[in-house]
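The structure is given below, and queries will be raised subsequently.
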Amino acid sequence: MAATSDTNTDVLTIADKTLSSRLLLGTGGFRSLDALAGALAVSGSELVTVALRRIDPGQHGSIVDVLDRAGVQLLPNTAGCFTARDAVLTAKMAREAFETNWVKLEVIGDERTLLPDAPALLEAAEELVDDGFVVLPYTNDDPILARRLEDVGCAAVMPLGSPIGSGMGLLNTYNLRLIRERAGVPVILDAGVGTASDAALAMELGFDAVLCATAVSRAEEPETMARAIRLGVEAGRLAYRAGRIPRRLYAQASTPDEGFPEY
Amino acid sequence: MAATSDTNTDVLTIADKTLSSRLLLGTGGFRSLDALAGALAVSGSELVTVALRRIDPGQHGSIVDVLDRAGVQLLPNTAGCFTARDAVLTAKMAREAFETNWVKLEVIGDERTLLPDAPALLEAAEELVDDGFVVLPYTNDDPILARRLEDVGCAAVMPLGSPIGSGMGLLNTYNLRLIRERAGVPVILDAGVGTASDAALAMELGFDAVLCATAVSRAEEPETMARAIRLGVEAGRLAYRAGRIPRRLYAQASTPDEGFPEY
Amino acid sequence: MAATSDTNTDVLTIADKTLSSRLLLGTGGFRSLDALAGALAVSGSELVTVALRRIDPGQHGSIVDVLDRAGVQLLPNTAGCFTARDAVLTAKMAREAFETNWVKLEVIGDERTLLPDAPALLEAAEELVDDGFVVLPYTNDDPILARRLEDVGCAAVMPLGSPIGSGMGLLNTYNLRLIRERAGVPVILDAGVGTASDAALAMELGFDAVLCATAVSRAEEPETMARAIRLGVEAGRLAYRAGRIPRRLYAQASTPDEGFPEY
Amino acid sequence: MAATSDTNTDVLTIADKTLSSRLLLGTGGFRSLDALAGALAVSGSELVTVALRRIDPGQHGSIVDVLDRAGVQLLPNTAGCFTARDAVLTAKMAREAFETNWVKLEVIGDERTLLPDAPALLEAAEELVDDGFVVLPYTNDDPILARRLEDVGCAAVMPLGSPIGSGMGLLNTYNLRLIRERAGVPVILDAGVGTASDAALAMELGFDAVLCATAVSRAEEPETMARAIRLGVEAGRLAYRAGRIPRRLYAQASTPDEGFPEY
């Protein structure tokens, strides 16, 4: 029997949506639709990203059918957009196609790093919020930008741990802590997760959720990794709530001679 | 519903014992026997350490009753021993008291760091193996010493991640990898775990199990942390088996334009 | 006798200025003008920052006299500016006051972290370049922003290692490498240096120069630290040019049995 | 002009020897005797290691001539010895050959990692001290073992930063700090240095000296790297003495509004 966590009462609320799962899944990169369906099922994810550019939403036998059968909510992204204008346009097309005003906003700075373009991201976010979108921006780990994205009305902020698909984990936990500490909206780690411990660490920093794509879809066994990262997210969340011991420079015996009753 | 893992078939074998759980729990430092019992139950641990020095095994209403009711196997340790001679003597007394020839061997170098004394540890290990003990030594992260401990017949090696009770996690993953890579017996991370991601990371390095004490017993909510670390161990084990993506210096889109079918 | 480095021929060129020293010094935070003068002399720095807000350039017996006597060039900064408009105005006042069109551009996002505000920084940089300034922007470690700053005509980019005055060194060497790799203008590490090894590391990553302020001015012995960091910069520059050995996972004897002549 | 450091009065004393330079150089791995001579000259090193096994001390035109001309003191090592007995024997032969009772003691645990064998090292150290040697043991980063080596009479301890020739720098600064903090004899970082900042960091931790071999001999330009590492050692030593600023989680302006006189 695996451990169970009391996730029932520890829900995540983004805008008007309430989620039991704190793992968001990206749908790109799977070797087949079956692999996607399998990973999705074990992940427990309730909110998954899709890229409009790859999908014809009306086509049957497509990824949309898979997601529909899984009963998950779609979060269209603007992957592949390199300007604010292009991202805004893509968001609007996705709103039509998927009948949702939620968007994971990406405005990419260059193809090699896929890092976000900060000024263009802020500009696009502001425009989409004004147009009634629920905007979840993929951003770098800049605490100032995160704050400004929140200030223009984003429903969450989604800083990266490291570049998309790099699997390098959380490169700058200092900045990520700062973002978490000062945010008034949910903070979701997006990009960089390579394995379960990365996801656990993000949650232990107080992040509200984790989004994974490549780490699952390109693992040797995507389904097993989906389960691993799901458990990692749950483990990290519980550990955050449990109140960890402080780090100490010197040892402390678990059985000191004084200070509490011997039994 | 929490995720389930197929731990049924992925068992851990140490000497002649087969365990379903890869989490070992230390019993020291809990605020009460009830706290211990609660953490033990959710941890799923099947093998727990006890310090002879703190316990009168014959006394009722004691920690031994708690462990007995939990149905776990005891692993006596030689905590507090500073010489090979003292550790060997303590191991023999524990064998009598707890009616088991298993021992977690500790020979400590000083009180401040509680780091092991390498030469004395090797000497005690050899003597105890010769005397018929199943010896699981608490060692530092020295790959050469780990190999020598295995060579004298230890049933597992238990390197530290960082000092006992420090909660600093895994300070030298390079050495820990080396130990794992070259060991022919189970390798169990002992000491240094502060939170769930530390446990997950150890398992992702290929460790066979993790032992926690202070991280659970001194957490603000020991029971919640026991569950967190249990899930962390399971997450890390699954991630190890799933085959993680490689770390890359540059980004890789989860939805590249070429290389596999569009759907 | 201390080592000498052939810095004579390894000069740094920013816009139309050629510098022998790769260490820039900030002038704030010293306990006295004498302490500043002493540190400045041993640092070898030829370009030092001054904050207009703290200085009345016409006043005798002031910091300006000290810098004048030291024969260094002034680089006015816009410390304390929180908007593009304020930074631009301050730059223009500094141009009048110090009779230089060079400016170290700072647009700060908040008082607690003193991190730069990316969109406002880019806006101010563009405006100042258009107005004929030689702009050296203090920026975060975002490779995309660094590129955009270069694209609008900045004469150098000055990414941080960690927040101003934090002394935390280089938190994200991955991003710093990316910035270095793609920049066509000099890259100067600004902020975060706490000690000599931080400065050396920045230079080993290929950075063209290092700016220090707090690390020197608030050290217990500023003059000794100025000398230390000067040597650190020189050491790192030489190491960069010397071509370091690769990192290896396994040992390599310096005296292997094969591969080159025994002597 | 390069910076000069007041190394004149900051000497290093090991046993009865007083050294101005805190950089020890290994002589193995150079592409030619000329390369060795060049690197040696710029390094400023006064104490260099030689491996008896590679050298016929009586042969002219050999490495010994080079070292003789350089006026440096020889420190024979026992490289290539895998047992205490072999190391002791080699040390005695070296004493005859080089007419010095100093020895850098190496007892290696395996060929792949070249990590020391702790129990065998301690045994050999004790025996050599009893026989009148001045023993400088190459050890791992184990604080307990370092203390025991000092207790048996070693004149210094030489912990590694990472495996010989790996260039991975200082993997476990926590343990290295512990060793430094508790040692009553000089502590010399031996092995792992890959570049100048590694050497500076070791000195900033309070180490008394640094030994380099591969980092210099196998650099693309050994002479330039020798100069770089020499400056790194000096920089780190000065920084240690200068008293660095503390690390802070938040920014601190170098020009705060309060707390010291405005000028």
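As written, the chains take the letters A, B, C and D, and residue 1 is the first residue of each chain.
By definition in this document, a contact is a pair of C-beta atoms (placed from the backbone, for glycine too) under 8 Å apart; a residue touches a chain by one contact, two chains touch by 3 or more.
Each chain and its UniProt protein: A, B, C, D = Thiazole synthase.
Just so it is clear, the model here is predicted, and its values are computed rather than measured.
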| item | value |
| --- | --- |
| Recurring contact interface, reference B-D, options A-B, A-C or C-D [over half identical by residue number] | A-C |
| Farthest-lying chain, centroid of Cα atoms versus that of chain D | A |
| Distance between the centres, which are taken as Cα means, of chain C and chain A, whole angstrom | 35 |
| Chain A-chain B separation of Cα centroids, rounded to whole Å | 32 |
| Junction residues of chain D, two or more chains touched | 113, 115, 168, 174, 249 |
| Chain D-facing residues of chain B, complex | 109-110, 113, 115-119, 122-123, 140, 142-145, 147-148, 162, 168, 171-172, 174-175, 178 |
| Residues of chain C defined as touching chain D within the complex | 1-5, 7, 26, 28-29, 31-33, 42, 44, 51, 53-54, 62-63, 79-80, 112-115, 163-168, 194-201, 204, 213-215, 217-222, 224-225, 227-232, 234-239, 241-256, 260, 262-263 |
